[in-house]
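Remarks on the structure that follows.
For clarity, chains are labelled A, B and C in written order, and residue numbers in each chain start from 1.
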Amino acid sequence: MHMSDALVSPAVGGALWLSSLAIARQASRKMESRPVETLPLMGVAGAFVFAAQMINISIPGTGSSGHLGGGLLLASLVGPEAAFLIMFVVLFIQATFFADGGLLALGCNVINMGFFPIYIVYPYIRNSLASPGRGSRIKIIIAAVIGIELGATGVVIETALSGLASLNWKPFLAAFLPIHLAIGLLEGVLTVAILSFLYRIRPDIIPSYTKSGKTPSRIFVGIIFLLALGVAGLGSRFASTHPDGLEWSLVKGQFFQSSPSKLQEKTAPFPGYQTGPNQDSTSSWAGIIGILLTLGVLMGVRKVFIWRRKNLPPGNT
Amino acid sequence: MSHHLVICRDLSFSYPDGTPALDRVSFLITHGESVAIVGANGAGKSTLLLHLAGVFLPQSGSVQVGDVKVEKAHLNEVRRTVGFVFQNPDDQLFMPTVFDDVAFGPRNLGTTEPGIEARVMAALNEVGAAHLRNRPPYHLSGGEKRSVSIATVLALNPGILVLDEPTSNLDPVNRRKMIRLLNQFTHTRILATHDLDLVLDVCTRVLILNQGRITADGEVQTVLRNKDLLERNGLELPLRFQN
Amino acid sequence: MAKEESAPRKYVSTGLISRAVIELRSLDALSRQSTPVHKLDPRVKLILVFAFVFIIMSFPPYALLALVPFFSFPLWMSTAGRIPPRALSWKLLMLAPLAILVGIFNPLLDSTPIQVPFLGTISGGWISLGSIILRFFLSASAGLLLVGTTGPLRISQALQQLKFPKFIGVVFLLIYRYLFILTDEFLRLNQARICRSAKRKAISISLAGSMMGSVLIRTWDRAERITSAMLLRGFSGTVPLPNTQKWTRKETLLLFTWLSLFILFRIVNIPDYSGQVFMRIFR
């Protein structure tokens, strides 16, 4: 469910980045009243989720497999604020250290996999956690499914708003949500399995965080989220009604030739130099030669760096 | 603070679930002594050690380290006097490099960067691990990890070293190195262990714990040769005294 | 030491996971080098990588040629920062299918005719698919290079200095450290399971529940010990960091040079432009 950078436009990515930062900041402020002992716990809990995500689990009846998301489990164990911060960091590490997701898409991923299960769904099951009965198990599973479906919907909306992958989003949504129904069920059953294992063996781990604490200020969080969606939507709309030169010329059927921007016109080496709208072989050749030149310069620059490096005193490693 | 005394008076402790762990433990350890705490699994060794460092606070009775009582108000002072080395180095080493890990304590105490370098290197040299300074903890062998975790504690200049199972999981060569290292220290040393041969090499005095109670307290050579006493407490003669 | 290092390689059925961890360790090792790039203030690198990704992603869907000059940035980081290409290639190739998968429908769905020299007219979807793949390689390599030239401690420091929410830096360091240990723990458990069961790759849910539950319990107890160990060494909520790093003129210069290059590349389609100029001269 990780969204990749390659699908996210700066408007969407930036808006969700800012909103996830805002939520993280609020969570962080709330955490300041918790004892410092919570921090190491958050660290190992994050590492646990990270490692658990690497285990592939078969989804019965489908022949496929999936893995734990962990947002709901974390919220149940350490409370929503800590859980959100942990998910933020886990996704940050996955984006930078494993190239899974991406830096620009981080905001989207934090919202999809952290915000939805932790802030939207978790408050709904908070009270069920204290009693491990059958009813509350079903409730947790339903909650997990809803959380995952919300996340999946988020992926589709963000992708569509970004407009980089040309998705026909209605059929895509129709195919995407059933897949995530299975994944959501897995998440729910697994969360329940882990929680009931803990009830049996170490009941002291669960209640200490869940009993205390009030519901997070959902109004604040909701406003942030709506704001982000609005900004992202507006940004995308703006981007698509003001396509820049390159896109405009491409729509007219040219590929290797862009209409010169104002800057290019001003700095054109020859007076009267202009790329006409007519597609001739000259401009095709120009494109190919241009790319060769660029690659040549890149290689040259690389050589310079290597040469400089060799002439520097070796660093102590 | 020249006299690094450790005094326990009628120390008792039971876990939140009601399991008693320590039962009226009393002893006095004087400056520079090297004392082993031995006993079967679950005898309360680790619990006792954690009291000396102020991780657990006495439920009844008292613990005194140097001139101060171990209680909430004095924790900083206690922690500066007592260096605690955990059994599993992975619980102790968490920074990305050995250097930063050893520097963690001094930096927390506000030592400035030029002083840090000197302190860290002094500590690493003391355990013979200076060459490891830029390595990450997971790149180290078991023995190296153990040495480095001792260095992280030495960097804080403690007067008293408390070690939990310093030779567990070490191969014979590294165990030998650890014994040599422990013998170099002039600190007051208190260690919990199952390795009675280690006790013979490093310690002068032994306390035996059995179900939270001290059942013997005496000089190493006499206690560890007493087969009956050891067996009554779930232990056996050190290997070199067998046969 | 070496034997602990290579241990995960033996896990047959979890080959990819252990491979990922090994890759992470190799990147971690590279981050302890001392090169001009490593010595830079981590904030510069973080800001530049963010700007880089943002600007790349601001190109319209059909941008292809115009993206090529941006390779100069990862090229600079990898050569000046002494990160061998093979340290990145495995990870990039592993994850490339994900990027391709998402753009795979573009050629089918987007049939805007576009004329390409020597190929004739093709649908615009192919161009945007190519663009997605290029973007993936650019942004993913920038992220990996940031890590390979900076290392976890410095990144955590930069996060704190750039005023990220307070606990992010500390939690980041701790997760990073215990990632290795917990992954190993899962791999060992999984290995034990494989020894006792048929060679099914994926685990059933009930088994996974108790397996993860038991690791979780051990994790919790471990957290308690780690907490004590940290408190005993004076931990008070922040990880104190070496303040040897200074933002000098060099950092400012570098920041502005690259930022203006990025903007130049964004405004001017360099390959196209230089090709046109070339054609003019030699006609």
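We take it that contacts are C-beta pairs under 8 Å (C-beta built on N, C-alpha and C of every residue); 3 or more make two chains touch, one makes a residue touch a chain.
Just so it is clear, the structure is predicted and the values come from calculations on it, not from any experiment.
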{"item": "Closest chain to the centre of mass proxy, which here is the mean CA position", "value": "C"}
{"item": "Leading chain pair when contacts are tallied as C-beta pairs", "value": "A-C"}
{"item": "Rounded Å distance, subunit A centre to subunit C centre (Cα mean)", "value": "14"}
{"item": "Computed distance of Cα centres, subunit C from subunit B, in Å", "value": "41"}
{"item": "Whole-Å separation of chain centres (CA-atom averages), subunit A against subunit B", "value": "46"}
{"item": "Residue list for subunit C, restricted to those that touch at least two other chains", "value": "32, 173-174, 176-178, 181, 222, 226, 230-231, 235-236"}
{"item": "Per-residue multi-chain contacts in subunit A, two or more chains", "value": "43, 317"}
{"item": "Junction residues of subunit B - those touching two or more other chains", "value": "94, 134"}
{"item": "Residue ranges of subunit C in contact with subunit B within the complex", "value": "1, 4-5, 25, 28-29, 32, 151-153, 173-174, 176-178, 180-181, 222, 225-226, 228-236, 239-244"}
{"item": "Residues on subunit B engaged by subunit C in the complex (per definition of touch)", "value": "50, 53-55, 76, 79, 82, 84, 86, 88, 90-92, 94-97, 100, 103-105, 107-109, 113, 116, 134, 136-141, 144, 152-153, 156"}
{"item": "Complex contacts: residues of subunit A adjacent to subunit C", "value": "2, 4-10, 13-14, 21, 24-25, 27-29, 31-32, 36-37, 39-48, 50-52, 54-58, 60, 65, 68, 85-86, 88-90, 92-93, 95-100, 102-104, 159, 163-168, 186, 189-190, 192-194, 196-198, 201-202, 205, 243-244, 246-247, 250-251, 253-258, 261, 263-264, 269-270, 273, 275, 279, 281-291, 293-295, 298, 301-302, 305-306, 308-309, 312, 315-317"}
